[in-house]
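The structure follows.
Chain lettering (A, B, C and D) follows the sequence in which the chains are written, and residue indices restart at 1 in each chain.
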Amino acid sequence: MRIGVFTCHCGENIGKTVDCPAVSKAAADFPGVVHSEDYKYMCSDPGQNLIKQAIIEKNLDAVVVGSCSPHMHERTFRKACSSAGINPYMVEIANLREHCSWIHDDIPSATAKAIDLLRFAVERVKFNEPLTPIKVPVTKRALVIGGGISGIQASLDIANSGFEVILVEKEPSIGGHMSQLSETFPTLDCSQCILTPRMVEVYQHPKIKLMAYSEVENVEGFIGNFKVTIRKKARYVKDELCTGCGLCFQKCPIKKAALSEFDEGLTTRPAMYVPFPQAVPNIPVIDKSICTYFKNGKCQMCKKVCGRDAIDFDQQDTLIEENVGAIIAATGYKLYSIDKKPEGSIYQGYGEYGYGKYKDVINGLQFERIASASGPTSGEILRPSDKSVPKKIVFIQCVGSRDESKGISYCSKICCMYTAKHAMLYKHKVHGGEAYVFYMDIRAGGKMYEEFVRRAIEEDGVKYVRGRVSRIYKENGKLIVKGEDTIAGVKVEIDADMVVLATAMIAQQEAPKLAQMLGVPYDKHGFMLEVHPKLRPVETSSGGIFLAGACHSPRDIPESVAMASAAAAKALVLFGSDILEREPVVAKVNESTCAGCLYCRKVCAYNAIEIKEIKDRQGNIQKVVAYVNSSLCQGCGTCNATCPSKSVELIGFKDDQIYAQIHAFSED
Amino acid sequence: MEQMRDTFLKRVIDITSQDPSSCYQCGKCSAGCPVRDFLDDPPNRIVRFVQLGLYEKALSSSSIWMCAGCLTCSSRCPKNFDLAKFMDALRQIALQDKIEPADKKVFKFHKAFMKQLKKYGRSYELGLIRDYKLLTGDFLQDIDAAPSAFMKGKISIAPHKVKEKEKIKKIINRAI
Amino acid sequence: MNENLLNEKQKAAHSEVEKQWEPKIIAFVCNWCTYTGADLAGTSRLKQQPNARLIRVPCTGRIDPVFILKAFENGADGVLISGCHPGDCHYNAGNFHARRRWIFFKTLLDFVGIDSSRLFFSWVSASEGKKWVDVINNVIDTVRSKGPFKSYKNLNKKWVISK
Amino acid sequence: MKFGYYPGCSLSGTAKEFDLSLKETLSVLNTNLEEISDWSCCGASSAHISSHLLAVALPARNLIIARKQGLNDLVAPCAACYNRLVTTQHELKLDEKIRVKSEEILEEKYKDGLEICNLIQLFQKIGIERIKELKKINLNDLKAACYYGCLLLRPADITHFDDKEDPSSMEEIVKAAGAKTVDWNFKTECCGASHSIPHVEIVEKLGKAILDNAIKNGADIIVTACPMCHANLDMRQKNIIKHNPEQKSIPVLYLTQLLGIAFGIEYKKLGLNRHTIDPVPLLKEKTKKFAEAAA
């Protein structure tokens, strides 16, 4: 085998701690290597040309590139080699940047390690074999999980391109958190006014199948070919009959049965309800846990008043299977709670702010409801405890966010802006009221954002105090807010009527479960991970699965919408071709040695192992062996490690390829 | 200044095993400090002095002596920075470098306390108060509280001594 | 020659070797979680000791116990296996099968004369760059404190010669 | 039941009544104390100013003696001593360097394993149910503000005891003794601690805020588990009243004294006569109704 080794300096990134010329020189002496050179930027056009030229001139049949992580440029180099006539799978990458130069300081030991890494790759490539990608068809339908603004945007973009979309929302209505908001920064336009038309568009779109009050239960398959199981939860209302007249829930006798989710617990709702008047679909649900009929078999008031006979107490959850080619996760966020023991939360509560025991200490979404014209106070700023107008109001930013002691190190990004908006709305609505904002930094990066914050301070007279609040407690009917202004170095103690906490944006509690189902990595906070933070921000490491909105990280509406459109575009790229090429990393059985024990079948997570009968010339079964259905196999290699007779091998990661690497180790 | 900053910072880190640069100056410590009204500089500013390497400003502030060690700041710090430990370290450095304590009363109290400890292995209130008064020359303070404390048997006339008091003395001498 | 002197010399030479000795670690890591986590550590410029060499496999499920024996045989003083957290496997259940396998395998290691405390397992996700650094440094430090793993290597050499 | 006992300097001095009432109460609860022989001062907040090592070594000496004495459980009723002891234990366990250095100067090996508890944990271990069973005097009319101060709860990751911002364990014991508790805001606020001597003005100001809040929230007495808190709130209360003529007085009791009262122990045995603010008239008044009924 004639191998060429190419060592990249990556500008200074590798070259600074790894002596690249020395590495290249050492590699030239490896057995089998006939060409070795180093260059400043191997991934650049001239760099790629060096490789191509060497392949042709030196008649190479395998190439090893020492460069950045294979996750970065493996594709680039495979393509370059392929264009010079080498099979792309005859290319190996040694990770000299992420796994060497960037993590070590000492030049001699980093250089020695780089030489090792190249030798491993050279030994491995000797056992590589030319492979051809597997071709699979593409199902040109998309699943969008989550019906907030991100999910709505992604669905509309895909549907408007002519492809079918299934939009799954776990709540009874789509709209998400945006439907709860009063006005939006920095333009102060009414949130519902801009959102509702989009919601209706989704509902009426012939290409969108809306499944509200439903949850994704299972995901199988792979890019272009997912099989999804969706649980449609029983509403106890037949949606095909319901006209949304509302008579049923108006007559529901269990009026104040539960705290309204939509109003963030500031109001109550009946046992039968639609979350809010503009709900889409406008079909009520019965909350089984509190409905009198479900509790003791009596009542049935809703059924009596329904002119269409749409109430169905016997309705059951149904499981629906759908085939899709792409999935967009748009599950959004929820707010961190300061309560002592929020159910299932991974974060600590805020005892110093009262663990949620003071009624007039509320969070940002509650303030949105109070400020909203459709909210419990019709937009009048009244505090929850006694419905009086708060004369002095304190806003506290970074509650939970940037607070490692509570378990959250990140910035929630949107709080600076919405707090400025809240303070501004308060000043507009309560004349003569005093508004204080406690902040650590003001992060107002965005078009017209900084100007907006300055307006709150300069024109509306909101008093900004730089410092965190140590404690809030109640005394003589006032909320005592103990703070400090670190700029003046003075104590700031305010006796407030109401306090609004800008609590952190956190991932939905079920997000990790969904991520596991989708095979998408997620961080310790439950936010899903993109495959590359700069260049592939909406793609995940699972092909065909894309991210939109706050399920990825805290973000505001315009960013969520942009990300949703980007995710839709990625899905549409996929739908642009009928056939998809997949990595040929699949398992293959050696039928002559396979004993047919089928242990491999037991451990295969994809049901990719089938039973094949080997027959003699008369058609009598001689033995059974395992057979890998390569369109189902995802290439994990568990069967390979499990097989007692080593009769099944993972192409691309065969035993001898890995042994070659291990053997190379003994040579240092 | 850079060099000074680094050695000062290093000494603080050596004693406390925590890096003051982790403090992002939110001021929550100062906001909740019970002795805030009696401080020359709010606690967060003392951390800032150290971050900037302002050795004299930090060590000559009365704040390092006025800290009551109640741990309110440490327990509420969003960055888990143990400010009480940090203040202890600054007091130690100030003493090592013989920097005049900005609050002599607290310093003399501790000194008197240590003297009792060295002598008896335990703190002996009468001795403590006597030594403290000798150090401060403030003989009138507490003159009204003292008789009642005696009457109620709160302050005993004779010191309680540890048998191994020589050993305690040795421990103290070796540890300092 | 004075025997004692020789011994002293030998001792000195030996301790010199001991001083210079640095542990060699082979780490088998899965492509999706730990390899990516190690990439993140690199991108974040988190410094680590240079003693580990990573071998990338698609999934910890792919790791055959023989790999580990071979690793020790070929000069590893310690072996680390690291993959996705339970439940997070890119391939649904590969890491789970791997885990089951190791429970059985550890006792086997002791049986064939390899100190099983030189074999390490960890879960490092794609977002845990910092954790990866802690894991790898800890493995290196632990193995360093144990000293070089000689018995199996020598065995291997003998075997090679006789062959 | 038997516990090792570290009284600390205060309980053998200014807070003698804490020691007396503790022993009285525990004898009712059938619990014995074994004092650490020849214990020495924990160093309080003063050892720290000279060296961190000394601040660790002084408590370590006592921990070593306790182990040598064969003790497994140790109670340190003084919150300040408790804090120094558990913090030291924590550091010795986690910081190898400081452990080795401490052993060097102490000329003795340190062995971990002692379970150190504060006053509240002691009663939790004995069993709160036992208190309910053994109480004799009805304290239903008495409203107590439970004052934890700073050092009983902090640092929370070392003490692992109750909620650091909203504790309730002392209330449970007080309720078990039959008294009522009030919800108030200054349960964990600092009283000024060792500033008691060098800066009376600070202690008076902080103490006043605590007293005021307890009174405002309807408390008849303040209950505490720390001799320093007690000194600052009781002994200094006289001065606070002197400087603020409108100030109402409020007795400050040790938790052990309150339990002793509930168990029907003589006031004098509990050292109630030793307080600056005499609690006896109030206690008599609050128990009068029941005493009459009993008669």
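Just so we're on the same page, a contact is a pair of C-beta atoms (placed from the backbone, for glycine too) under 8 Å apart; a residue touches a chain by one contact, two chains touch by 3 or more.
Here the structure is a predicted model, which is why all the values come from computation and not from measurement.
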For the pairs A-B and A-D, output the one whose chains share more C-beta pairs in contact.
A-B
Can you give the whole-Å distance between the Cα centres of subunit A and subunit D?
51
In whole angstrom, the CA-centroid distance of subunit A from subunit B equals 50
Can you give the whole-Å distance between the Cα centres of subunit B and subunit D?
22
Contacts with two or more other chains occur in subunit A at residues 352
Where does subunit D touch two or more other chains at once, residue-wise?
164
Where subunit B touches two or more other chains at once, the residues are 37, 72
Following the definition at the start, I'd like every touching pair of chains, please.
A-B, A-C, A-D, B-D
Give the list of subunit B residues in touch with subunit A in this complex.
24-33, 36-37, 41-42, 44-45, 72, 76-80
Per the touch rule above, subunit A residues touching subunit C in the complex are 69-71, 95, 97-100, 102-106, 109-110, 112-113, 116-117, 120, 515-516, 519, 521-524, 529, 541-542, 585, 603, 605-606, 634-638, 640-642, 650, 653, 655, 658-659, 661-663, 665-666, 668
Which stretch or stretches of subunit A touch subunit D in the complex?
340, 351-352, 355, 473-475
Report the residues of subunit A in contact with subunit B in the complex, numbered from low to high.
352, 398, 402-406, 440, 466-471, 482-486, 489, 491-492
So in the complex, which bits of subunit D are touching subunit A?
163-166, 185, 213, 216
